[in-house]
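Note that subunit A is present in both complexes that follow, paired respectively with subunit B and with subunit C.
Entry: the complex of A and B
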């Protein structure tokens, strides 16, 4: 678009700009401001104090929740990426285009039901006398605790992001120039070597972006760690809930939220550099 | 054809209802430069892909040094291909692109880099070894693709229209490079192209394909002088095809009656019988133009238009009773001396040796 047409059509950009300003930028600014307010008599009091920052950042409970959340989100990103990749590969390379489009449409279907409902239904599978452990019993395997563990949280995270990550990976892999894959095979690379030497390097942007989505969704999610992970040890989202419930500590919750946002911004920057950075 | 390095034996390829290649057999000799030529959709690229193992023939088989390649996946074959799109790996340096095939063969890093660099230097790309392939120009990338395919020293190199993306000047230089490389290395080149210039300037033999079938396999000279049939003659485009019926059959020549009179046509190898319909062609560069006949066969024609092709000029003449224009190729200076204006009446004449029956034709009354 030339600068001229941009100048004439700028009113078209107004609605999304206003929306972002009113419902994203201003609340974010408000969140930042609140983190310097104080609480007296369970009421928010405008103030300019570093007490909240000092209180949260000096507590080991905060940092252990931070570390726990980070590790869980990283685990979710890795597990989701690995689970999606075989499906994305076969959708991108082996099925005809019609089938691929149909499959991509079906990947959206899980979003028709509420995430909360999907997580709740996992309880029926994962609880101590749930479906999986019942099957284990039939096979003569001792029951395994799965609900209210990190494994439970991970199952929830994967449920949340798997369709999206598969979608991102499939679209990325499908764009790989087929002649590059054929060229590798022509130069005597078998299927496994073609995968590691050509498909993964070329599919790297979509793999990293997919993993980043999974990381972001897991990092901020409170449904899975609460209902499948049991809330203990707490993640940062659990910490926000606890902080607001106990004594209306909105300023402290705001501190947690800002730290989370900064973490995600930093992670995204690193990921984007990893995805699109030129290799030497 | 005992010396054939690659044998293509009754090969056809169908994609669903579409037949890309029909029942084709020919041999590729060791050390030759073979060009497969045809317009788009004639099956030439499919043929090349079957050689590389990227497509499996629907029927028939391909043999390399007598060994059937049937069912052999591409990564077990020794037939590197130079892609039309080049298909260089954008995430690898120039050196690593060239060394890819060696790496897949398990050649160690030092040896790999030594051999890749030697090839890059041979193709005057040594200084770009550590560059990204995307930073190179079209001609440089072309040479990287060539080095990547040649570094493993194959017996046969397959090339799929590798010069079609280059400008004319660069293409001519690459043709010279390819030809000299092929001579020097003694490697068999199988070169697919739609360009007559490329095929004729480089190849020892040319395979002309049309609609999945081979129309003629011969040296460029004999394809040019003795097209096997009407298709090849029209494809090469340097002749005018006339139609008539056989009036008299002699040892060396036959007489053919046409709509513009009776003409002598050299017989060549074709079997002819009296009264049979006969197509024959006249080489455009053997026709003389003047105000009086200079050879035994002649027609009076009207000059229509001309087209420059460098130092030669193609003239188009209208001959009463003949559907196609009579094509005449003259040196530019000769044309200039004639001083023709469109609409002028001229006499075109040619010796009987300039007119031929198609080499594959059988001119019998029943055909």
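Entry: the complex of A and C
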């Protein structure tokens, strides 16, 4: 891009830059700064202390919550990816263009209702006396505890991210060159081999990016672990709430938030490399 | 602080307002009524806005509609959940943001010390209608200076599903450890009432004033409860857990939740166990720097009057006991069933008997440890460590 072109276009670049500065970089910087502040009489006091970092990072409760959150988010990414993939394949390869557009539109519909309401409605299904266990009863299966368990949290995470992941996967898979799939079939590759040797490698970017979205959403979610997971053991988002309740320790909560952000940045970098990295 | 501790330990020995104070109340009532009338008359133009920081329900139409109509104003709430949340909101807002602050009684001294409250005139309020136990409520007074007026209170005990748990079992905190209810015990997610209740169970007569050994014992006892626990819930989670039967016992709550559920037909109840119960108390203060002091005062007068107290007792969001004796009389006339259900009866056994027998202890902040010590343990406990 020549310097003249750049000069002409900078007014167009300004709004997104200002947006990022005002609503991402500055709040992030503030979050980082207050992690070194202290609390006096329930008020934030500007300071330069490492006490908050030391306190949080030396607590076993923090690392337990970290591990728990990571495992749950990873589980959510895997389960959501697996659940979305068949639907995304169908939409990308088997249905007419018009049907696909309609289906993609319907995938957005869940976002019209509050996520909290959707999570609450799951309680009616997952509780000990709920719909799922009632069906199990009809089939002669003993009731299974589902609400207030990790399984419950996972259901919430999938509820949150499934439409988005399906959307991302469908868009990605739809871009795959059909002639490559046809070539595989002409060379007598069966459906399974075509799937694993052609579709999945070519659709890898969308699969990884979809999984990354699921991971990010689950990692920071507060609603599902609270209302379907019973809040125990706590995730990092639960820990932030507890920390702010404990004498208004916003600086300590900032430490947790920064660790969460760093984790997500690192995970995103690895995921992007995995998605777009070239084979040797 | 010492003075507060002293009053906390001997809540029933408080004297009634001094004679001069009582006289002042008597003489001030007509004055305050005149002031209210003029307020109402003056309020014919643009409606004024009265901001209130409160638990959910305190500025809903069932409570404030009548006041708003009378004073041509709009009560604008900012709702919070928990005293720490309330303190955060107050401390992070400029003076004058909230005309009225409804707080749990144990937080009033902190608000006062931090300079967030206006001093009140005792003569403006109908303390002579209050039960003597509530006239000089701990922490509401700094010497003879008043900073908060008690509005309502309730007891925290064992909340249980009446289909699953017999009342005889619910009469002791021991029921939380009953293997029959493993995985069916929930905690209201706030360290203060839960640890206070287990502290009572552990034999601490003053559950929040623990020495090092007592605190260590409390932690040990609590850890033995952890395997029984299904989870930790906020108001909504506790509400739905009890309603759908997922939780059969909940620690840390009382009739303020089960009473609301029972009104909608849920099979739940709360009892004060033999080991004793805790009392939560909500009080109103005027926020520092308010520009609506007259209206804020009128609201406190309204809600602490016998008529306002009946509204408060039957609040749709969550019912409560009321400290105004005349409020009890009015409730008995207007809704005897609710008066009986809540135990606010002037003949026979009433909730005041529970208080006078020493069965009830005021909920308060930890005395010998910091809030953080207790809350940090609460986090550990939730982790299951």
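Basically, the second predicted complex is superposed on the first by the 274 of 280 C-alpha atoms of A that agree within 3 Å, B and C clash if a C-alpha of one lies under 4 Å from a C-alpha of the other, contacts with A are read in each partner's own complex, and residues count from 1 in each chain.
We adopt the following convention: a residue touches a chain if its C-beta (ideal position, glycine included) is under 8 Å from a C-beta of that chain, and two chains touch if they have at least 3 such contacts.
Nothing here was measured: the structure is a model prediction, and the numbers come from that model.
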Legend entry - Simultaneous placement of subunit C and subunit B on subunit A, clash or fit: fit
Inset, instruction - With the two complexes superposed on chain A, say which partner A:65 touches: subunit B (first), subunit C (second), both, or neither. - result: second
Inset, instruction - Quick one: the Cα-centre angle at subunit A between subunit B and subunit C, nearest 10 degrees, please. - result: 160
Inset, instruction - Have a look at where A:127 lands relative to subunit B and subunit C in the superposition and call it first, second, both or neither. - result: second
Inset, instruction - May I ask you to decide whether A:180 touches subunit B, subunit C, both, or neither, giving the answer as first, second, both or neither? - result: first
Legend entry - Comparison of subunit B and subunit C by subunit A residues contacted: C
Legend entry - First (subunit B), second (subunit C), both or neither touched by A:198: first
Legend entry - Contacts of A:33 with subunit B and subunit C, given as first, second, both or neither: neither
Inset, instruction - Using the touch definition from the top, say if A:190 reaches subunit B (first), subunit C (second), both or neither. - result: first
Inset, instruction - Once the two structures sit on chain A together, report how near the CA atoms of subunit B get to those of subunit C, whole Å. - result: 46
Legend entry - Contact footprint of subunit A on subunit C as seen in their complex: 82, 84-85, 87-88, 91-92, 110, 113-114, 183, 186, 189-190, 229-234, 236-237, 240, 244-246, 370-372, 375-376, 378-380, 382-385
Inset, instruction - Using the touch rule from the top, collect the residues of subunit A that touch subunit C in their complex. - result: 41-44, 60-61, 64-65, 120, 123-124, 127-130, 145, 147-148, 226-227, 229-234, 238-239, 242-250
Legend entry - For the subunit B and subunit A complex, residues of the former touching the latter: 52, 54, 73-77, 79-81, 83, 85, 87, 89-91, 93, 100-101, 103-105, 132, 148, 152
Inset, instruction - Could you pull out which subunit A residues touch subunit B in their complex? - result: 177, 179-180, 182-190, 193-194, 197-198, 201-202, 204, 278-280
